[in-house]
Amino acid sequence: MDLKKRIEALGTMPGDLFQKDFLLTWEKSDASLVYILELAGILMQMRQENISSKVFDSGLAVSIFRDKSTRTRFSFASAANLLGLAVQDMDEEKSQISHGETTRETAQMISFLTDIIGIRDDIFLGEGNKYMREVGASLNEGFAKGVLPVRPGIVNLQCDMDHPTQSMADLMHLKNHFGSLENLKGKKIVMSWAYSPSYGKPLSVPQGVIALMTRFGMNVKLAYPEGYELIPEIVDLARNNAKASGGSLQVSHDMKAAMKDADIVYPKSWAPFKVMEQRTQLLTKGDKQGLVELEKVCLARNAEHKNWEYNADKMKVTKNQDALYMHCLPADISGVSCKEGEVSAEVFEKYRLLTYQEAGFKPYAIAAMMFANRFANPAEQLAKLLQKNEKRVF
Amino acid sequence: MDLKKRIEALGTMPGDLFQKDFLLTWEKSDASLVYILELAGILMQMRQENISSKVFDSGLAVSIFRDKSTRTRFSFASAANLLGLAVQDMDEEKSQISHGETTRETAQMISFLTDIIGIRDDIFLGEGNKYMREVGASLNEGFAKGVLPVRPGIVNLQCDMDHPTQSMADLMHLKNHFGSLENLKGKKIVMSWAYSPSYGKPLSVPQGVIALMTRFGMNVKLAYPEGYELIPEIVDLARNNAKASGGSLQVSHDMKAAMKDADIVYPKSWAPFKVMEQRTQLLTKGDKQGLVELEKVCLARNAEHKNWEYNADKMKVTKNQDALYMHCLPADISGVSCKEGEVSAEVFEKYRLLTYQEAGFKPYAIAAMMFANRFANPAEQLAKLLQKNEKRVF
Amino acid sequence: MDLKKRIEALGTMPGDLFQKDFLLTWEKSDASLVYILELAGILMQMRQENISSKVFDSGLAVSIFRDKSTRTRFSFASAANLLGLAVQDMDEEKSQISHGETTRETAQMISFLTDIIGIRDDIFLGEGNKYMREVGASLNEGFAKGVLPVRPGIVNLQCDMDHPTQSMADLMHLKNHFGSLENLKGKKIVMSWAYSPSYGKPLSVPQGVIALMTRFGMNVKLAYPEGYELIPEIVDLARNNAKASGGSLQVSHDMKAAMKDADIVYPKSWAPFKVMEQRTQLLTKGDKQGLVELEKVCLARNAEHKNWEYNADKMKVTKNQDALYMHCLPADISGVSCKEGEVSAEVFEKYRLLTYQEAGFKPYAIAAMMFANRFANPAEQLAKLLQKNEKRVF
């Protein structure tokens, strides 16, 4: 579609994103989510058409990673760079950050010339999202009291509850794959637990997926072995979303049965909510022996569910034997990255390039969140960029 | 004040900063310091008015940190970015740098397309500032012999003697708070040692503060328990500054008495000069046992001075019971960041936002040092920027 | 020479560099190498004349270093910045990369908005260059299948076989020093092993030098103690190069005799090819005990060749007693950086600034490789830049 028309259309779309942090998709209106998807799509098209979308002449985008990351780190850096911001990492190794009093102060210290702060904090249940809000509250105060010239926007790059840049990229992928958001209505997506030789993988991806996809009229099947529950409040919230959107949310404890007639499958390991609670307590106490024992117990329990592998046998029962396979990557691929894992090598290979494409939407989802946070009228800015017509590559 | 007029006025001000490293405030003329303050203020106003101050299209600003840092690291990155330079960190973990022969070579290797080098090296007494001069001498040679196309300017981001970007930011804060440099004349500022549960904090902040504030007609009271001396030569130098400026420098060993009628207080822990000497020797020898013993002795001695906490009792005796509280942050706050510390929670909270504001001047102080080092006529450049009128945010 | 004319002349030169990775000089035609040298020279002159060569408005240059580095890291960062790209480091500490399946995926994940990837991987014999090709193959697939909007170019920043950014910078230095490539014909260059108190230095520099210099009609003498062979295939290839160019390649096992009448000398330590093979096997097996023993044996063997130091005695026999001394730096300088090393302090000091100058060509060699990879017609782009006439420093 023509960029000019697309930007004009964006100008007529509602949304409530200006100067609002992007912390949880379920805090955002449907209109705001649809706005982000379209803004992200426009930024992607602009880059493909070699048109600069640099709206910042200078300014910092600060990334705070409290966990290792390649995909999200590069996505954030790419998004910042696309808009003209320089990335400055805030590593705990390079400096000292922590919760509470220190957070309040540090948030100011890194923000004097900063436009965006991206935070990843997904290890402690009940902590990551809370930390982002502490940072936000501090920035509010600093801005209100004239300490900060602008109130930097915060983008959640994964917390204990949600992974909104992932789920929004996933939704862009689905919109792109099936042609429109409208087309997603009535589609069946299976968010399924899958076996992995590791334990303790975060809950944010499955939670983010079920909370988001239920809002677009999809029929979401949440499948996991008994005992591998997600945070109950978020499942409830997804159930309510489904009701409101005309979709559904059902839970199953049989992977293959769940896959029946699926349009989309998302098989991925996670740790049971209750284990994450225990783990958080042990980590907080610094109880190393307890952690070792917990891991042992959990791995043993995981091992009882090795048949929760997505493979040809399960794929066979999906719609046209060809449900779209999704993953946030990296996947645990049986016989490739591990002995037994989340997905068989054969099935993964079939959908491998599609998972790369899925990942490719993330930088633009993040850029759209940054853009909508900083500008009251993104469509107007985009129109000016289009008119200016600076080339991305000279 | 109108930016245009402000820049014109800057054009009439003297200063000797072009192609001169900024290593110690006491090597700079009063005029040069006043120039930096005003240039920093203009850059700050330009950003507030959304006018780009990018004078570099490309070029590197190299940061060498031989110590952990958040505040100064982000200030340096912000300043570089504001002027259009990309930051490249030179971490000792990522590469190998050291004094002597290697310094000479490494300085060249990181400078081929570099405009500014910021260095923090404050651990070894007698070493940090010396190291910066070694780097400078090497750059001089490289530039003179045609190896380097430009001679990168060096900014001292804290050494064993001075912390000029901190003290200049502090002075900007005072100028801003009291309305003008003129208004600082006759004001009483107390640079006081304060109790901290750690030992070995650098001397550069108190030294930098007394050496700088004595130049602007202030009455500086230096307070510390006996035995907690600063480097004697720097105290002498501050005393001479005071004589020349019509201010004063007095030493006190009683915190509360020192605070009487103070307009400004700066309570902060440091290690006695003689301890830093010992520590440097032990570190140089690699004497771990000696370091452990020294720490024990020093902490025990510190503990005798827990009453050197700035609190309501001391604040009560200051001017209007409301002296401006300053700190380079992070402060050791009693009951918050430690059990007993430099300042009571109640008093810190009262001035907390003002300390954030104080810190907010640092990026601009650094940017002004970079700018004045690289341009013979900053006012002319600023006038051109104003005329060009590129927006910082599009 | 006038930039405009120089760029016009470049426009008439052949070269086959567009969208081709720069992995080994011996995969490139003579014309392509000559093209890079001239393009690098033009970029250097543009910067000296304060003309911006920013051809990218945004975009990432990703650096993957699997080894510590200062020189090459800064050269890469400088080159990227010169062209307008932001550097994003991919550290193994910060993320997880490895060979095989993971490489294929990670290559995509870091490339969605990336224009250039620079890789250094020189530790395992038979691995580094192979890894670069794995990355390249993955990028090819991603681009072909529409996952990536552009196919990022790869620049070899040192592998087990070649160090092309070093050898090309060395060649620029020689071209500059002797006035032209033509003037290098018939010059004698000695690539000589030299004693070092360390063992296991990579082979890529000597291999890169002999493989490249033999192509320009130079008489290359390769000198080393018996047993310190390079990879045989690369020596054969250099021998063939020499035949084709009218130069020569001879091997000598006597350092001083080899130096006779040399125009240029390049004394540098390396580990014997066979040792590197053993070391690679031990590293692969994780055999720490084996590695310790290998080091012991090798250091003892090295110690038998302490007389392989380049010093006044050897310099005396070179052309006019003044052969141009070259080194990729840092050199092991006797009595300075080590007790006994590759070169005497006296001789090194005489040529020290020339080695800095040699290093100074590297950022431009890298920038030229990036530029030629991304643009079908670099001369046209340069002409546009010249006409636009943006200043590097405002």
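Here the chain labels run A, B and C in written order, and each chain numbers its own residues starting at 1.
One rule holds in what follows: a residue touches a chain if its C-beta (ideal position, glycine included) is under 8 Å from a C-beta of that chain, and two chains touch if they have at least 3 such contacts.
The structure displayed is predicted, hence computed values, not measured ones.
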{"item": "Interface numbering overlap (same over half, different under half) for subunit A and subunit B", "value": "different"}
{"item": "Cα-superposition angle relating the copies subunit C and subunit A, to nearest 5°", "value": "120"}
{"item": "Length of the line joining the C-alpha centres of subunit A and subunit B, rounded to whole Å", "value": "41"}
{"item": "Residues of subunit A engaged with two or more neighbouring chains", "value": "54, 84, 86"}
{"item": "In the complex with subunit B, residue positions of subunit C that touch it", "value": "47-48, 52-54, 68-71, 73-75, 77-78, 81-82, 84, 86-87, 329-330, 333, 336-337, 353, 356-357, 359-360, 362-363, 390-394"}
{"item": "Complex contacts: residues of subunit B adjacent to subunit C", "value": "54-60, 62, 84, 86, 88, 90, 94-97, 101-102, 105-106, 108-110, 112-115, 141-142, 145-149, 374, 381, 384-385"}
